[in-house]
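What follows is a short report on a single structure.
Lettered A, B, C and D in written order, each chain numbered from 1.
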Amino acid sequence: MRTPEEYKKSLREMRPNLYKFGELIVDVTTHPATRRSVEAHAKIFALAHDPKYRDVVTTISSLTGRRISRYLSIIQKPEDMVANVKMKRLMFNLVGTCTGGRCVGWNCVNAMWATTYEMDQELGTEYHKRLRSWLVDAQERDITLAGALNNPRGDRTLSPSEQKDPDMSLHVVEENNDGLVVRGAKTMIAGVAAANEVFVMPETGYKERDKDYALSFVVPRDVEGLTIVEARHPSDKRDFEEGFDNPVETGITQAYLFFEDVFIPKERVFMCGEYEYSGRAVNYFIMPYRSAIGGCVAGQGDVIIGASIAIARANGLSEKVFREKLVRMVVNNETTYGLGLAAAVLGEKHPSGLWLCNPLLANVNKVHVARLPYETKLLAQEIGGGIVETGCMPSHRDFVDPRYGKLVRKYLKACAPAETRVRMARLIEWLTVGAGIPGCMHGGGSPDAAKIVIRRSFDFERCVELANRLAGVGNEAKS
Amino acid sequence: MRTPEEYKKSLREMRPNLYKFGELIVDVTTHPATRRSVEAHAKIFALAHDPKYRDVVTTISSLTGRRISRYLSIIQKPEDMVANVKMKRLMFNLVGTCTGGRCVGWNCVNAMWATTYEMDQELGTEYHKRLRSWLVDAQERDITLAGALNNPRGDRTLSPSEQKDPDMSLHVVEENNDGLVVRGAKTMIAGVAAANEVFVMPETGYKERDKDYALSFVVPRDVEGLTIVEARHPSDKRDFEEGFDNPVETGITQAYLFFEDVFIPKERVFMCGEYEYSGRAVNYFIMPYRSAIGGCVAGQGDVIIGASIAIARANGLSEKVFREKLVRMVVNNETTYGLGLAAAVLGEKHPSGLWLCNPLLANVNKVHVARLPYETKLLAQEIGGGIVETGCMPSHRDFVDPRYGKLVRKYLKACAPAETRVRMARLIEWLTVGAGIPGCMHGGGSPDAAKIVIRRSFDFERCVELANRLAGVGNEAKS
Amino acid sequence: MRTPEEYKKSLREMRPNLYKFGELIVDVTTHPATRRSVEAHAKIFALAHDPKYRDVVTTISSLTGRRISRYLSIIQKPEDMVANVKMKRLMFNLVGTCTGGRCVGWNCVNAMWATTYEMDQELGTEYHKRLRSWLVDAQERDITLAGALNNPRGDRTLSPSEQKDPDMSLHVVEENNDGLVVRGAKTMIAGVAAANEVFVMPETGYKERDKDYALSFVVPRDVEGLTIVEARHPSDKRDFEEGFDNPVETGITQAYLFFEDVFIPKERVFMCGEYEYSGRAVNYFIMPYRSAIGGCVAGQGDVIIGASIAIARANGLSEKVFREKLVRMVVNNETTYGLGLAAAVLGEKHPSGLWLCNPLLANVNKVHVARLPYETKLLAQEIGGGIVETGCMPSHRDFVDPRYGKLVRKYLKACAPAETRVRMARLIEWLTVGAGIPGCMHGGGSPDAAKIVIRRSFDFERCVELANRLAGVGNEAKS
Amino acid sequence: MRTPEEYKKSLREMRPNLYKFGELIVDVTTHPATRRSVEAHAKIFALAHDPKYRDVVTTISSLTGRRISRYLSIIQKPEDMVANVKMKRLMFNLVGTCTGGRCVGWNCVNAMWATTYEMDQELGTEYHKRLRSWLVDAQERDITLAGALNNPRGDRTLSPSEQKDPDMSLHVVEENNDGLVVRGAKTMIAGVAAANEVFVMPETGYKERDKDYALSFVVPRDVEGLTIVEARHPSDKRDFEEGFDNPVETGITQAYLFFEDVFIPKERVFMCGEYEYSGRAVNYFIMPYRSAIGGCVAGQGDVIIGASIAIARANGLSEKVFREKLVRMVVNNETTYGLGLAAAVLGEKHPSGLWLCNPLLANVNKVHVARLPYETKLLAQEIGGGIVETGCMPSHRDFVDPRYGKLVRKYLKACAPAETRVRMARLIEWLTVGAGIPGCMHGGGSPDAAKIVIRRSFDFERCVELANRLAGVGNEAKS
């Protein structure tokens, strides 16, 4: 298994094809726009070599029997899914935010594992075989793998093939014996700067006319024809500053991927035209995603709880005053964590060997993920006071100014030295309105989409029968 | 295993010692004040003989290897606890409300299983051995077992031994070679009318001076010296009426138990004076209780969802209008159910063989149980309209009145016959402001008590360390 | 102005035409099913003679310059509407629940005041003149006036004239020079038992084919052909019991009114066929209703706050423990009260002289009224403990039983005598799941109906323009 | 009354004493760190000359009878306070965020108006006379006036005089016939960069030993000895960028003010040592502040509603899908606005002529202001999708890049041109996690502080009496 240094070396050896602020990023491991995300992902490689965490972040490959990164494994039993949720919580604990350059790709592999199995069984294709081959190799190479699902989509009232501009979703423009040529974009993709490869998934809702859009494959991040532009995030210019106004060594990135006629060799193609399967693929994708994200937000919640107590103490206030609020934060945390675990446990086995989470509980969890962490953040701002709410303090540059820096420092100290207090306040700013906020409202789909799945997963008519029986009536009032 | 009829016969053969409205209840199986609760419990006996449900409500005894009621089993593994949560949900599905005359006693047995094990190990007592003997016999006899924990307590700022009246908590007044004599009361005890025996537990917080109050034993419900007075519940006079104003054949009871110098033979005593263990006993009690109650309220929630849809249809409204509300009800339901399951799964094994639930998740669940079902009920009232909100319809007696009953019936019909509509509206009234509401706010302890456990179970300092590390500071701001 | 005794005498002199539980109620002032409601309304007459409250419950008639009951006045300025909100809060403070036998009728008179004015102006009718004449006389007679709006409606997907049974909404069956004959029903009408007359309003949404349903008039409560059946309410059998299980001397009633070809003399008809005006009439009705109800629920909230503190003390707990909860209750209370006042203040003058409340704020208030009081009640149950949650105590009959009553009393005392504690617990039961709960979810229309008015009252496009201007864009993204 | 150009000229003529990022800001009207705030305040001057808005932002001076800025008036009647709330809403509508460089100062003047009146009456001082003189002149000069209350405070468990460093709150270091010399700091002061003068208020809780801290005065912003350092705000480096990543022309600033032995001439001192009056002063300050802030957040809420609809349309989605969410936003908006108005209306007159808001309703409003706007923002993020949630789009620099900018633009267009969509998404980012978020959680004090005032303002014992009377008990259960 690779060391952090080997991992970073692999990134440095890739063709530079990422841009931000109009600049080509030559070395993602050192460039201010990307290095924090790389550091966060490197941390996972370090943990794999740390006896305390090895069993959390690694597992035994069901394909080769060798120890591999958990992020490249096939989830085969409830325990694997529980381990997934726990690992997510741990990673947020340690890096403070999302390491999406591994987990989305992992999710894609698992979703396509079941989908390709069904296609091979039902259509006689070879997708599952290809995926297995690639995966054995990927496990061996111990790569980081980003996952890409979201298309720009253009006018959302029209299907991909109905758009004025056919490129608004990623599609095949040419197909031959060796492979495919694809064009389009994938937007808001997490952790690409820290990834060695990118696993591409189709979206859902495709009809026959949209079959050129039913597409899954995997590419090296630096493949020819792929241009990547990093998106902004709140206060991202601080990544370029000196000092502690961004006090955190880690971070996230999200990118736009532009495919300008990129060639994909056949053995890396896992779906091409089988539009009836794209919905299933997305479905297999969202269930573990919406379960595990309960661990993600709980993990960040742990940090927020800790930071809230720390800032209260730095402000000279006892955290006892904030007991009710702190308990509420814990309740929020454990609710999403617990529901993630419950979705894992109530799941079932897919013929391909994949463990499927419970769709009802996974989507109930997503609904909570779109609300509870926001309350937790709000409570952190309430506890922390005005300096925390909008990070209302002079900049680090002013903090160290030779003329008036001493005034800034004099008046920012409280029950902790000025720098300690400022750093903790900046951490909460980072977590609540700064660069540390992950996209948990829309990541893995919107809460409204989750509600639709809930409606479909729950047996309302059975409940009507229960009520009818108790009320002593028949089904006279039909819908 | 007993049939419903055998069960009812056993109740009829007991000494009458229950009162309500100043009247001695001679036959609990037919008296209007108690028969609904007996019917609900009889349902469990029926299910044990129904192949569809047998594995839900029965299991194999870890003591004898014979099939027994699940309500008399020792919970030994996560699967047992998961089965508990699922059984609770099923029972609420089928009878609409709480069958507390079995589940609280079951919880007591399990809590004392671990507690007596520890006492025998640490103090050389014989409590665990006695409990085992009694339990083997109880499983054989297939009894219903109520559980009694709550004392009147008098002035809550004082401990039991400090009260002006020493009887404000149940206590020993005499002890000899054959057994004990006890005096006091247990209040708000569920399902006693439907129980063959009552298992008594101590409360918590006892010091040495309170050791006469550290007391656990089991008695036949009709033991000499025990007087039972049934408490009221909302709209309980309808239990005595004809017609469908209480449209449900099942129901709950809660009673006050007055022990006037009751003798307990030694072999039925499981704690007597070991005050240091009463806190542990209560702790072992609340964890599975606060997990499983997630299944209870979800089970009632299923009925409420069904009834909401049914009344909407009866009113001539499409349930589509209420989609957002129905999804919210499902989210509420599955949240408590899922957290109950998660608490089961994240538990650990006690040396006595008992499976202990996760205390943090169990208590987080209790906090939700004190809020989410109330929102579900509110939504049912919102969907159902004015007739549902306070049951605002003429009585059954008026419904059938020979003079003007035809007017009542004419104007109460809508998209369902008048009787169907009224019965469904009455069911929702029963579920939300009527006799069907279980005490889920305070049952198994108050939400504020749960919050105290949450505070104690969660490692806040670990979170502060996570935050300090991310912010790049030490622990300068100590509390 | 009448004294309470004169008021009761007037009720006793009326023809008995109310039924409950199959029984004709001969004297509403003494019959257990109705006397509590009469007592509540009599309280208003007493206050009119009490110097401390006279200016709250009376005012000067804009028609005659004489002092009249405020419940028979025309609301002409913001101060009148503010006084309305304050009077509602006071009345709930003093009687604990709704005195709907005056306020709905008052609301009807005001709504028809503006509507008839418009009809006379636009159609040349004499409705406004008639209404004025009747009102001058009603003020003189100082009557109590119930208001009736809600029809049974049958299949709600069909308009009144499309129903299989044409009587599902109240309608004209005959019209001649002297007046009308009407048939149908009005359902869930508050306080009829305590009223001298009933003011009838049309509902909304009528088309030309429904014009026989566009109907407004006023009748004596005991008019020939009118049969009234009282609806049930939670725990209503306690009204017939001795003792303190219903500890409150006042109460509410809601009734079904069946009109079997009732004759209405012309001078008491205020709308007959003018279907285009029925929507306006309802609109004028809901604005002050949905404002003033903020005072109602705040007034009941005050009692709930007081009862919560009282039961905490009786239980031996300091209310300091419950500070956060008590503050939340105050916030809920003052929110609906304050918004009611704001709706009054931001209103405008109608040409008829009527003061119209602000529709947006009135309906925002209705949305809160359908949620906040429920949280307040839940908090009361949380503070009060198990005896409060479902009134889980033996009955009064058991409390005084010569055999075991002493046990009940011994164990129910705490930091207050047993009777004090029981009465306070019963009061909270009455307020939260008992006979004291008013229909504030659906009274004056459902919250979903209020949301529709909000959507129509708020200028969304203006907001889009504000956003466009700030973002520096035009209106390129049209809906 | 001054024009925007005259106003800006006055700012340019002041001594430069503001810093940000280590740089002295020579011209606040053009420097990127401050010009947006100046533009927002200049807008008010423009409106004073616009017939459509003149009556909103100006009024007639009660001192001189001449037309003056409303921001320099004494609030004397409910209508003045209502106008205040409405003006705040308008200003947020037009500039999108807080123009705190006028309103806090205005609030200070009014608070000290009543406080100095009381001091002059009770102590024979001349503070009120001085304040009046200064105010007449300030109205004449039509100045912008910031207000400064918050001190650094150091260790919050200690009073100002107990601090290790006596400067942790602003205090007098010298006093003579001509005036005072003061030292210390005021932190997180809104809009100083846009202000001509700064009005200083004491904090509360002072004892006799703290009398050097009981201090109120007014200074020119550029007074000798005053150093001002601007605080950061989220994404503040975008203020220095070209393009539309901060799409808004206006903005806010918050600054730290360091007083290094600043001389204050006697006629500008309004409190010096009268520690018993500092609490009253703060009290008079928070009531109108916590009322009017309901208008502020409603005004920003209007913009958020508009932007949510605009982005939904730009994304190609109908806002009908989001109806429930949009109504919720309106409810949130109107709740704080309405309660602000209600607090104004239920107020009372102070002997000095000042109109005092209702303290209970003002503080209830503050509690809502600390929650409801956050829900509104969350809903905006939910409606807007992933690009809105964290502003996840490439930078403007990338948008216009000659190499790949065309790709960015191609894939960001939807149902609106790419630039329109990006600008609207950036506006929502600015409003929810960007530079546009005002400090409404802690501005004017924390919600927990508001809850303390609520507890003190509400008559709980009166409620206990109401409950006792209804329950038919006396006050047996005393606290």
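What we mean here is this: contacts are C-beta pairs under 8 Å (C-beta built on N, C-alpha and C of every residue); 3 or more make two chains touch, one makes a residue touch a chain.
Just so we're clear, the structure is a prediction, and the values are computed from it rather than from any experiment.
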Original post:
Using mean CA coordinates as chain centres, what's the chain B-chain D distance in Å?
Top reply: 52
Original post:
If you average the Cα atoms of chain C and of chain D to get two centres, how far apart are those centres in Å?
Top reply: 41
Original post:
In whole angstrom, what separates the CA-based centres of chain B and chain C?
Top reply: 38
Original post:
In chain A, which residues are in touch with two or more of the other chains?
Top reply: 324, 415
Subject >> Overall pattern in which the protein chains touch one another (line/ring/star/complete/other) >> reply: ring
**OP:** Provide the full list of chain pairs in touch.
**Re:** A-B, A-D, B-C, C-D
Original post:
Which residues, counting only chain D, touch chain A once they are in their complex?
Top reply: 19-22, 150, 152-157, 165, 167-168, 185, 187-188, 227, 229-238, 245, 254, 256, 258, 260, 315-317, 321, 370-371, 374, 378, 381-382, 385-387, 389-395, 397-398, 401, 404, 407-408, 410-415, 429, 433-434, 437-439, 441-443, 446-448
Original post:
Considering the complex alone, what residue numbers of chain C touch chain D?
Top reply: 82, 93-96, 244, 247-250, 302-303, 305-307, 309-311, 313-314, 318-319, 323-324, 326-327, 330-331, 334-335, 337-339, 341-343, 345-346, 360-361, 364-365, 367-368, 415-417, 419-421, 423-424, 426-427, 451, 454-455, 458, 460, 462-468, 470-474, 476-479
